[in-house]
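Okay, so chain A shows up in both of these, paired with chain B first and chain C after.
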Partner chain A sequence: MATTTLPVEEKKQVQEQEALITGAEAIAIACKLANVDVVTAYPIRPYDTVMQYMSQLVADGEMDCEFIVAEGEHSQFEIVKHASVCGARVFCGSSGVGWMYAMEALTVTPALRVPMVAMVGNRALDDPGAFGVEHNDALAVRDLGWLLTWVDSAQEALDTALIAYRVAEDRRMFVPLALSCDGAFLTHSQALVEIPSAEQVKKFLPRYDRGELLLHPDNVISVAPQANEDWVMEIRRQNYAVTERACDVIREVYADFEKTFGRKYGNPFFEEYMTQDAEVVLLGMGTMSTPVKVAVRKLREEGKKVGFVRLRWFRPFAGPEIAKCLERFKAIGVIDRDFSFGSPNLSGVVATELRSAMYTGASTRPPVLDFICGLGGREVTVPDVEAITQSVFEAAKGKAQPLTQWIGLRG
Partner chain B sequence: MGQLFAVELVYRGVFQKTLAKNITRGIVLAAHNEGKLGISFGRYGDSPERNGIPAKSFAIVANDEETLQAGMAQYEPKQVDVTVVLDDTLCKGGESWAWYGLQPVHHALKPGHTLIVISLQDAPTLLKSIHRREEPYKLAVLKGVTSFSGMWVYKDDHTDVRVLGAIAKALPEVVGLKSVEQFITDKLKNSLKLTSAQTAFERFKSIDVKPGQGNPEQLPKFELLKWEDMREGVSIKGQPQGCAYADPVTKQIGGFRPARNELFKKYSTRTQRPVVNFATCTKCTLCWLNCPDASFDVTPDKTYDANLEACCGCGICEDVCPVKDCITMVNESQFHDNHSQWEAFKKDHDAYLKWLEKTIESAEPEEKRAHGFRYRGQYKEQVPEALAIAQKG
Partner chain C sequence: MSTTFVEEKPTQNLEAFKGVKKVPYEEYYTSGHRTCQGCESAQIMKLMAKAAGPRTIVLGSTGCMYVANTSYYATPWGVPWMHTQLGSAGSGALGVAAALRAQMRKGSMKDEPINVIAFCGDGGGADMGLGAISATMTHPDYNLLILLYDNETYANTDIQISGTSPYGVNTSFSTPGKVKRIMHHRWKKNVAPLIAAGHPTCKYVGTISTSYPLQAMNNIRKALSIGGPTFIHCLNPCPKGWDFDPVLSFQLGELAVNTGIWPLYEIENGKLKLYGKTEQIARGKFKRLPVREYLLKQGRFAHFVEEDIEFFQSKVDEMWEKWLVPGVIPLQKEI
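Our next item is the complex of A and B:
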């Protein structure tokens, strides 16, 4: 959880108001505060709440932007891509198979250096047509140059949306950014959120300046078609350079966010919870943090020294930092709300990435167990987390445990 | 390592794609009759499915598996033993993989080896188009028109086996006549084709081309940028707007010449070019408006001069021109430079018009096939059709 460090009087000056809103609404408000120019929409649950709320803001005259309802997700992302190249600050988003339908447009945006900010209301991929959360939709772009971040509260959704524009539109970056929100748990749950003032946001978020990459009659360039087919490797290297710079830029922006708004997120890349004296640790992304934190407190009362690390940024994956953080524990249990069929050890995406990061970045070799849990929106329950922790403690004692386990599965 | 041979076929996509493939397959299968191994494959700069695009097909033949593998361990052979040109207009050069720029047609040919061109022209005429090089080579002309054999309904004119017969003579180490004959008998099962291959073998003649002999034109060269030096966002700096230019005689400034990418020469796809009668031009602008590549320069006289560095020879200007014989498409192989026609006209009206008359006479009649369309005049036929549809709403 973010903590406010400013004294109460000063806080009152900074915060405009407190409101009871969903994660999706929080992002819509962030877009209003960021003075977004072009928004494209196409309905799909659970992302669509953000578009409903934003169209309300436009209708009420609170927000001034081009609000375009596209005829499908592919066009939705194509439209903002072009608008962004012409210098507009843009917002769009989708969920599940809608996101996948936009895949061609999603693929080209990193190479074209388009700083679009997209909300992904995480949703299980069809079939069956379920609405519950699963992280595979957003993770589908993990290798393409997108920045990927997961939030776990409406407040963090609002704050991270503002941070997202600063990071994506930084001249050293200019890459698309997906802000992932767990379907239902975050998109449809209302919580108390502190909304900063427009003045504060203006101070934090400079104008989007595309510079020499701006498509404009005064800056005659062509984008994409005339590039030589043998430039591919050099273009990929340029996107690689972005990922080399990404962690530093994100650190800078979080520091500036704290200075401007007074809300402190600590390490931008992951949140540590009760890890100080922990023997073993659990790790996961998104709103599963709520049941996990409750379970951790319960286990602590029973004298079990367990902690939790919530990963905020999946791309960039702050490998060395995460490895350095985790090397001190006796065992690690990753809770994956996703799958990666056929992967090494048949584990989920996060566990596979983490093992890779640990192999090169950690000085110790604690066992990294993976627990596939909460797929398709199924609850991650406190007893689930207790069972997971039990297995992780067994591994810490040197007792062999399966590398991948399915938790909360019938049968 | 055993012996390794490479044969390169230079052709025009999409019209000659099947023909080129049939020839390179024939080389591999015929050589296999001698116990050799080989592969046949296509390589291209632009899509070989596009009209008129210069493209290449290769056959690699080796005595053993490992040698063959060594030959395959590169995108395309850097050096070839025979180059066959299936369309003589390609003698002006073509692009290979990745548009590294226009290259001489024989840029991969080993010194002393043979360039075979299918053409109705003789070797000295072809050498006006084929670029000079420092190493000697042999040039052989296989008499024939540009063949579309193998494409859809086009007649099989035996070009495939004639080329095989010529290769058997030029480089028997790759494949001997007996193996070619056996391939034709076993696989093509056509005794007439057997005769065609034998005739090509017997009549094959080549001349020695000395260093420095041929077209003196210097092709543009450029450096590819390092990744740090390239613009980001897959973006290219636009060309500046064009500008007016001078009349070569009166020095009067006027007209408009659009700026064009110096490194992107589109003329390598051209098999016919427009020749313009500036004396009968009514300045109606239709050619300039309808040109899909903005190839026309507006002259200081306000007539329209097809810029031959930019024109890819589609023929639409000829079809839309309302004045009889004002724009005529003429086979590209007759021309050996890309100089401005308007400048020639300005310098000497009479000489130009005399040249024009002679040149138009040699133009193939309409309805004869032309690259880009199935025959000259096809676009013109489509205009009333399109108009009728448009009027119907």
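Our next item is the complex of A and C:
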């Protein structure tokens, strides 16, 4: 007799399951669900736990892929770059100076229109050695054509990994995507995560189709011949066209994600927290959202109207949209977990980008202050955020404030 | 050697061409390249593509055979070809082989043997890319060939010293001066034995020369058929970098072998076999020609005085008289 109720076993498969996992484990599970073909690993903390989980998934027969341990990050990224050109869905990742060691491969990957998905477990660059988070590693590729996104929870890590494959492998895109997770605060911290079923993911994520760009004996093409001044500019312009399309594609994919899995992220590019009636806002990326939100709530209790904007996508930088959002506030305080030595106003990367976006996109000119904070894995604390907010309020009142301040420095 | 845990994939099993008249007419490396007259590196590209045939993917790392060879809108390649970074011949080949293997296993690509060849120059193979090639040679489950074409300099960037440049050579980084006649004191890196000795799972390592084209093609076919990662090192006389009349390209290739400077051998499943004139030298059936005959035909050695030629000769004599395996393994026997 026909019935609309699925047998228990089958029902399990189509529903989400909840598990207590770290951000790195969440991404490993996403790769399993995405049926990734080729994975390359090389050890460096803190990203490498994702590869430990993944090797276990392969050993347990839960994941069918070529799992290759490379002899360095340059090879690690080159192996998957080539695999992707041959039609394979690929995954790799790195941290800190490991990411920088792969820099040549990172440079050619967007230029070759390769939809590689990589996890960056954000880590301070040497020297001196530090395991903790800084965003300068991933930000180093910001001008090269990579899509760059920052997440702040294990759930968002898993969901964004699935979104990442959809966006990167979209024929209108074909560019690599780096999924940044703050070292330790996200890579190694456990949280409850809803894990979608393989069926749901299959519905959301079609097979990667390299199409007419596939490197295969059935499709005799020459990839990346020497072009010189004859054609390089036109080829660069094609990559530029990808960035023109990027925001629309990302919006589309988030909408489809919401439809398939039911989880809502609202505006894909940034999250607003208690901004509705705020006079001033803070803005930052990654897991600093936790202490900042705690501080915002505390300050609200004291009657201070402050909000927070967490930037999710740094590339594409949704400039006009962000400027439109921020122009209504009296002052903005950017918290940069990075540095850009010698930049205009000696500010961090995010503040410098944001000022540029505001200059052209906003109808008002609220002061944009920058606060360098939480470098090398140091915590961004609630008192730090309180001190930052106080300075932003002063600026809102018209009192001159330094454009760049280092917060939480010892004597 | 146990391969219990290795899932070997079948290769195309390319049998040797039995004589030059049996070589097919089809070319997979044709017009369009802009290499110099007498370029033996381009010659090995042509032989390699012909030997491998149409079911092949070729990766070319940066170097002459990329820059001068494959121009936008004028590619000479009749097989799928892709540019690979200078140090990535090893990792590129691994990535392609892994992609084919995964997709064929999962049924998203037709399961068939496809040759994977990555070529590199001496800069890409003996210098920058050596680490990646070494790693690749330890992966028994991927079928691929790394072909090192060796013109003994960075010949595309104005002729600079590489790890395989011969002793004393005049390059744009080792020009003789008023005080120092010899600026390059290093002996040529012995790459093929380095690969063979260090990577016992690698089933085929060999040297070839474009002056023996049929043999070169058949060795390439053997390397592609034997399975697993394989490595071939080819010496390619370069009129521009070595400063000689292009008409001499072929002859210089022969002279390199006949003087004992460039030994020809195959190491197949760990067994070493010298071949051609090299074998005759080893058996005492052919007397090595003096290195002078090779050196003095090339402008890059024009600054050599008698003393330099004698030193060069003594080092080559050492290769044949003192090395544990003459011409191949530079460990010395106790005398």
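In the analysis below, the second predicted complex is superposed on the first by the 392 of 411 C-alpha atoms of A that agree within 3 Å, B and C clash if a C-alpha of one lies under 4 Å from a C-alpha of the other, contacts with A are read in each partner's own complex, and residues count from 1 in each chain.
Going forward, contacts are C-beta pairs under 8 Å (C-beta built on N, C-alpha and C of every residue); 3 or more make two chains touch, one makes a residue touch a chain.
What you see is a predicted model, and the numbers here were worked out from it, not measured in a lab.
Trainee: Is the arrangement of chain B and chain C around the shared chain A a clash or a fit after superposition?
Mentor: Superposition result for chain B and chain C: clash.
Trainee: I'd like to know which partner A:221 touches here: chain B for first, chain C for second, both or neither.
Mentor: After superposition on chain A, A:221 lies in contact with both partners, chain B and chain C.
Trainee: Can A:74 be said to touch chain B (first), chain C (second), both, or neither?
Mentor: Second partner only.
Trainee: Given the touch rule stated above, what does A:103 touch, chain B (first), chain C (second), both, or neither?
Mentor: neither
Trainee: Applying the touch criterion given at the start, work out whether A:125 contacts chain B, chain C, both or neither, answering first, second, both or neither.
Mentor: Touch status of A:125: no partner.
Trainee: If you stack the two complexes on chain A, which partner ends up touching A:230: first (chain B), second (chain C), both, or neither?
Mentor: It touches chain B and chain C both.
Trainee: Looking at chain A, which partner touches more of its residues: chain C or chain B?
Mentor: On the superposition, C touches more of the residues of chain A.
Trainee: Contacts for A:83 in the overlay, against chain B (first) and chain C (second): which applies, first, second, both or neither?
Mentor: second
Trainee: According to the stated criteria, A:111 is in contact with first (chain B), second (chain C), both, or neither; which is it?
Mentor: A:111: touches chain B, not chain C.
Trainee: In the superposed model, only one of 24-32, 186-194, 204-212 or 312-320 in chain B has C-alpha atoms clashing with chain C. Which one?
Mentor: Stretch clashing with the third chain: 312-320.
Trainee: Identify the residues of chain A that lie in both the chain B contact region and the chain C contact region.
Mentor: The overlap between the chain B and chain C interfaces on chain A comprises residues 85, 220-224, 226-228, 230-231.
Trainee: Quick check on the complex: what are the chain C residues that touch chain A?
Mentor: 54-57, 59, 66-67, 70-75, 77-85, 87-88, 90-96, 98-103, 105-106, 108-109, 114, 131-132, 134-135, 139
Trainee: Using the touch definition from the top, list the residues of chain A that touch chain C in their complex.
Mentor: 35, 37-38, 64-66, 68, 70-72, 74-76, 78-88, 104-105, 108, 207, 215-217, 219-228, 230-231
Trainee: Going by the contact rule at the top, pick out the chain B residues touching chain A in the complex.
Mentor: Of all residues in chain B, those touching chain A are 97-100, 224-227, 230-240, 261, 264.
Trainee: Report the residues of chain A in contact with chain B in the complex, numbered from low to high.
Mentor: 85, 111-114, 174, 212-213, 220-224, 226-231, 233-235, 237-238
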